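These notes are about the structure you will find just below.
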Amino acid sequence: MVELAAEEGARIWFIPDCYLGSANIGGEPCSHEAVCVLNTGNRPARIAFTFYFADREPAGPIEVTVGANRCDHIRLDQPERFGGFAVPRDTPYGIRLASDVPVSVQYSRLDVTQPNYTLMTTIPYFLP
Amino acid sequence: MVELAAEEGARIWFIPDCYLGSANIGGEPCSHEAVCVLNTGNRPARIAFTFYFADREPAGPIEVTVGANRCDHIRLDQPERFGGFAVPRDTPYGIRLASDVPVSVQYSRLDVTQPNYTLMTTIPYFLP
Amino acid sequence: MVELAAEEGARIWFIPDCYLGSANIGGEPCSHEAVCVLNTGNRPARIAFTFYFADREPAGPIEVTVGANRCDHIRLDQPERFGGFAVPRDTPYGIRLASDVPVSVQYSRLDVTQPNYTLMTTIPYFLP
Amino acid sequence: MVELAAEEGARIWFIPDCYLGSANIGGEPCSHEAVCVLNTGNRPARIAFTFYFADREPAGPIEVTVGANRCDHIRLDQPERFGGFAVPRDTPYGIRLASDVPVSVQYSRLDVTQPNYTLMTTIPYFLP
């Protein structure tokens, strides 16, 4: 049994640096980004994703669900996770997440433009 | 419609590790850094950049604007974004950002000194 | 002598993006992740690790001890650190840490799937 | 002129994942870590570094000074910055920094064990 605190996480998260390149050397793994959500609570998290761009109106919100007591690495190159919405390729963007229950979030990117790929990661900004 | 909190972000941000190398293997992408700003508010953000160095007085402040409901990946190798100010190459530096409205910020660097490039990223330090 | 604050760290930490690949080019270093714990206090830290997955119930908690005035880079590919529990390979997961004394934590991953490896790191999310 | 807040930064910082490898392919750049300090205040920062290890007593504190209105990328492979103290190679360690004035800090590592190097960075944990 894991003893939980009252509020394990935050509800609103911001990822200013998102980018999904179209260049890939082929095969697996391919370049992708993931919004990794850890929900240690006993209720599923309904998370609204809104996508922001440099030169157009935001897209969304689009709801994604992460189960109770689950950790879900939500890949941004999989439109099936976003009700068919496809993140535009080769376009700088940012994401705002709003969850109905507290969760913790980490953003990572794997870039496979070149034979030896590279990783980056950070905990996003959040409202306390 | 996205329902917003009263203050989505922070006003003062600090990036202690900036570095813009001059070595590049040529072609695109070239080495660069980006200060990525997400402005989920309904007013444009006027952001004052000040550049700090190890052995000389700070440069700036220089104002950059990011539109309402926009996400802007501001590249530090583009003097046109900074009123002509060119970040010195091969020189360790740091940045302080002061915005008139709350924004969220992420700093990333792409280093293409060698054929297989590398990425790093972090949410900067900010005043709560 | 180091003069310490009353509470040097936090007790509950969350790492949403963990992944231990099975692909390795062989030899050392091999791909691994580390939960790095810095305990600047005068008492050992007893830390309960719970592992969360996308499609199954959480595993744990499993207790790991970090000595007083010690910094321990706990490798997630070493079941001997976790009472024999082996983190599943090629499986996205997340970790919740609960320490009985305040500690600071950093999560890093070294990926050696390809000849030129890549690193990523972040301070996890924590409860203030 | 830059208008400053009363407290631009924090005084105590923690970096749990430090590592200075001895393997290098030769030439420049060589593998190194940097503790990057941004001091936007009008007084020099006197910063006490304490080094923590897995299996021995801490080393330090050792004082390093960063000037007012300066950004200093302090390399951990330069004993001259630490009064002659040489960080042990190939040894996991962590750092606690205590500054007499508020500063902001970022930790980065450049690993040149292999021909195509890799970077990682994060804002360390700090006491609010």
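Just so it is clear, A, B, C and D label the chains in written order, and each chain counts residues from 1 on its own.
Note that in this section a contact is a pair of C-beta atoms (placed from the backbone, for glycine too) under 8 Å apart; a residue touches a chain by one contact, two chains touch by 3 or more.
Computed from a predicted structure; not experimentally measured.
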item	value
Copies chain C and chain D - rotation angle from C-alpha fit, nearest 5 degrees	90
Most widely separated chain from chain B, with each centre as the mean of CA atoms	C
Copies chain B and chain D touch via same or different residues, half shared test	different
Intercentroid distance (Cα basis), chain C paired with chain A, Å	21
Chain A and chain D: spacing of chain centres that average the CA atoms, whole Å	30
Touching two or more other chains - residues of chain D	115-123, 128
Chain A to chain C touching residues, read off their complex	2-3, 5, 7-10, 29, 34, 36-40, 69-73, 104-108, 115-123, 126, 128
Chain C-touching residues of chain D, taken from the complex the two chains share	12, 14-19, 48, 50, 52-55, 57-58, 60-61, 92-94, 96, 98, 109, 111, 113-125, 127-128
